[in-house]
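For reference, the structures are reproduced in the following blocks.
The following pair of complexes shares a single chain, chain A, combined with chain B in the former and chain C in the latter.
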Partner chain A sequence: MAALLLLLLTGVNAYEALTLPLEGKRLFNDMLMPGQVSAWFNTLMTGCTLLYVMLSGRDIRKVGNHVADYFALIFFTLCGLYILSSYNTLLMLFLGIEILSIPQYILAGADKRNLKSSEASLKYFLMGSFSTGILLMGIALLYGAMGTFHISEFSFPTTELFSPLALAGILLIVVAFGFKVSAAPMHLWTPDVYDGAPTPFASYMATVMKVAAFYAFIRLFHNSLGSVSNKWMLVIMIITAATLLIGNITAVFQQSVKRMLAYSSIAQAGFMLFAVLSVNELGRQSLIIYAVAYTLATVGMFTVLAKLKDYTYDGFNGLAKSNPMLAFATAIFIFSLAGIPLTGGFMAKYYAVSALMTQGNAMWLVLFGLLMAAVSVYYYFRVIWAMYFKPGTPQLHEPMTTTDNWLLLFTASLVILVGVAPQLVLAFA
Partner chain B sequence: MQEALFWIVSFIAIACALGVVLSRNPVHSVLFLILTFFAISGHYILMNAQFLAIVNIIVYAGAIMVLFLFVIMLMNLNADAEPQKSRLVQFAGALSGGALFLVLLAAMRTAALSPLEKTTNDIGLVANLGKVLFTDYVLPFEISSVLFLSAMIGAIIIGKKGDAPNREVASGEQLDGMDNLVNTEQLSTGANANLPNAFTEADELEAIS
Partner chain C sequence: MPTQYYLFLSLALFCIGIMGTLMRRNAIIIFMCIELMLNSVNLLLVAFSKMYGHADAQLFVFFIMVVAAAEVSVGLAVIVLMYRKVHSVDVNILNRLKH
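Take a look at the complex of A and B:
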């Protein structure tokens, strides 16, 4: 049922992106300014959600007694995503972020029988509320400096006299966004929350919801603050470097694959921050392609993880012998996350790096990113090593059905498709 | 006269806000918070926003404060139960809080706010507010219903009994009142145990900001 509704939503979004003349249109007294790119982004993300629901619908049903509510919450987050992809005032930005976050707090604590899940929910809620407070403070300062909520009407003086009020506001907003996308100094919640939350919801939180926050980030910082990029560039550069460093280095030391994926999602956020740093057309395109490639691979990985009983690396031992198709799909997802050529992850990293090189003022960051990508290969390939070269019999919760197998293979083939023909994803971006 | 009132109300607000942070007893903190809300409502009245002032008192000083008091008394927090923080965390908190204070001070020092032009005297009345809410701001107004709906669903999911932690599914026994009591107690102790941890991390977050 949910899958059907999502299919319908994807169709409507695609129709909007393809046919409606959205460019430059302002809706609801300037509250929203959807464009073709936003509509296309919505289409892609709704499609990813459809795939996610089809892949892990059975796992969602096993989480607790309120299945209908879980699906309702997922739909609400999609509503938040649509607002975030087309907001034109800071008011709508705030509402969008909140509509995106509150269902996440609930989904994190959906497994009430598990104390870890409740802990994750509480921690996430407290820290998330704190970061919302910071966001509001930033919005208030920016409003004080600009005199308007409409981000398309922001005007900055070209002289040296830059309002410190606006600067402080931008800084606070960067911190709040950094929390939402789990960038480095604000990443502390990520491993605990993803580890504690039920696996199918951790998968959704790490992918579609994080990407939505990124799109909002880029929308504000490219469209309206892009002209003063020299003011905020350095802060985000440092955040990016710290995110890449902490995410990748800490992931190396993890024993549980679920925790490793949490740290890997921090590391991947570092690469997505490249897109924020590149204030140009290529930057936005790279975010969209990164969003799709990362979402497909991570949703796939979490789906595989939800099937296994043992979340450590040893739980994967000998998977290639007992479930060759599952192991093959996992290998494709891992290749994509590590950025091996011919997969979506490679194209995504390629676009991100080339966007930053076009920007041209952060070559050291590009080199650092490539170094960190090399580090990431180590911990990703430990999974492949366990699956193909270690003896063992992995414990599954229940035997794989043919539908499961074919869906996973379909997802894997989409990952390859994005890697071979990235222009398909960027058709309308 | 108005200026004098402004200074008095501002002084009360800041003093009470400091009292919230500095008092050792959580109940005193809450009482100070109520005073702060009253002072802020005074500011609203000075700005001719009567409706906002009333709503602020009803919602914050009324409903939310009662909730705060309930929670504090349920969890039996007092000065002795305060989690011990290490010197390092205290130092980091002071350092980063001070840094944020300096940034904001610098921002305020040179801020050139354009003075507000008071067009009419009845700008804060309910009629005008309603008109604006249903014309210019109709989308945020309606969209926030989605926000509240998801919050309500969350409250129901989390608050509904029947799948509390440590439930013995295998025994198949009907949960009676006693069992439920035990379960809630376990839940609250679990939350208590987690709280200090969560707060330290929130402090770290503060430290970073």
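Take a look at the complex of A and C:
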């Protein structure tokens, strides 16, 4: 049922992407301005959600008794995504972020019998509402400087004189977005929350929700604050470098694959920040392709993880012998996350790096990012090493069905498709 | 009164809220500090609204109140859930339970 509804939503968004004007249509008193690109982003993300529901529908049903609620909350999150992809006022930005986040607080605590799940929910809720407070202060200060909430009407003085209110507002908004996309040093909640939350919901949090926050980030910082990029560039550069460093280095030391994926999601956020830093068209395209490649691979990895009883690297020992199809799909996802050529992850990293190089004043960050991508190969390939070269019998919750296997292979083939033909993803972007 | 007085007052309230959130260990008090942060923003928005003579910032305040109420309903439910399990609302206990 949920899958049918999602299919319908994907279709509607694709139709919108075909018909909406490129510059955007003004809706609700200029509050929303959906254009072709945002409708296309919606289409891609709804499609990913459809795939996610089909892949982990069975795992979602096993989390607790309120299955209908879980699906409803996933749809609310999607609603937040639609607002965030087309907002034109800071009010809609705030509402979108809240509609996106509040269902996630509930989903993180969905497994009520498990103390870790409740703990994750509480932690996520406290950090999330703290960041909301910061975001609101940023919005209020920016309003004080600009006199309007409409981001398309912001005008900055061309002289050296820059309102300290606006500067403080922009910095607070950067910090708040940093919380939402789990960029270092605001990433501390991420590993605990992803680790404690039920695996199928952690997967949704790490992917669609994070990507939606990134799209909102870009929409504000490219379109309306792009003209004053010299004011905020340095801060985001430092955040990016810290995110890449902390995410990758800490991931190396993890023993649990679930925690490793949490740190890897921080590390991948570092690369997505490249798209924010490069204030150009290519940057936006690189975010969209990164969003799709990262979402497909991470959803796939979490689905595999949800099937296993043991979340440590040892849990993957000998998977290639007992479930060759599962192991093969996992290997493709890992290749994509590590950025091996011919997979979506490679194309995503390639676009992100070339967008930043076009922008041209952060070459040291490009080199640093490539170095960190090399580090990431180590911890990603430990999974492949365990699956293919270590003896063992992995414990599954239940035997894999043929449908599950084929769906995972289908997801893996989509990952390859993104890597081979990225222009398909960028058809309307 | 000049608007900057309101600005200083609400920034002070905001900072008290941030300090409370970071330093207190009782989940309910942390929660109250977050509400204090939101309300300082409300005050600031109303002051700016008066300064510019626009009503849209006051409209924003209503949205903040509604969303804060939605957050309270979720947040208190989570805290109650936690309290039933560990009979405490101290957030330090969470870190002890982690491993």
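One rule holds in what follows: the second predicted complex is superposed on the first by the 424 of 429 C-alpha atoms of A that agree within 3 Å, B and C clash if a C-alpha of one lies under 4 Å from a C-alpha of the other, contacts with A are read in each partner's own complex, and residues count from 1 in each chain.
The rule is short, and it goes like this: contacts are C-beta pairs under 8 Å (C-beta built on N, C-alpha and C of every residue); 3 or more make two chains touch, one makes a residue touch a chain.
Predicted, not measured: the structure shown is a model, and the values here were computed from it.
Touch criterion not met for A:Ala297: it reaches neither chain B nor chain C. With both structures placed on the common chain, the touch criterion links A:Met31 to chain B but leaves chain C unconnected. Once chain A of one complex is fitted onto chain A of the other, the partner contacts of A:Leu171 are limited to chain B, with no touch recorded for chain C. In the superposition on chain A, A:Lys123 contacts both chain B and chain C. Which of chain B and chain C touches more residues of chain A is settled by the count: it is B. In the superposition on chain A, A:Ala140 makes contact with chain C only, while chain B stays out of contact range.
After overlaying the two complexes on the shared chain, residue contacts for A:Leu273 are found with neither chain B nor chain C. Of the two partner chains, chain B is the only one that A:Ala110 touches; chain C does not reach it.
Contacts of chain A with chain B, set against its contacts with chain C after fitting on chain A, overlap at residues 91, 95, 98, 102, 105-106, 109, 112, 115, 118-119, 121-123, 126, 130, 134, 141, 144, 147.
The residues of chain A lying in touch with chain C in their complex are 91, 94-95, 98, 102, 105-106, 109, 112, 115-116, 118-119, 121-123, 125-126, 129-130, 132-134, 136-137, 139-141, 143-144, 147-149, 192. If you check the complex, the residues on chain B that touch chain A are 103-104, 106-114, 135-140, 143-144, 146-147, 149-151, 153-154, 156-158, 160, 162-167, 187, 190-191, 194-195, 197-199, 201-202, 204-206, 208-209. Listed in rising order, the residues of chain A touching chain B in the complex are 27-29, 31-32, 64-66, 69, 72-73, 76, 79-80, 83, 91-92, 95, 98-99, 102-103, 105-106, 109-110, 112-115, 118-119, 121-123, 126-127, 130-131, 134, 141, 144-145, 147, 163-165, 167-168, 171-172, 175, 179, 185-186, 188-189. Per the touch definition, chain C reaches chain A in the complex via residues 7, 10, 14, 17-18, 21, 27, 30-31, 34, 37-38, 40-41, 44-45, 48, 51-52, 54, 56-57, 59-60, 63-64, 67, 70-71, 74-75, 78-79, 81-82, 85-86, 91, 94, 97-98.
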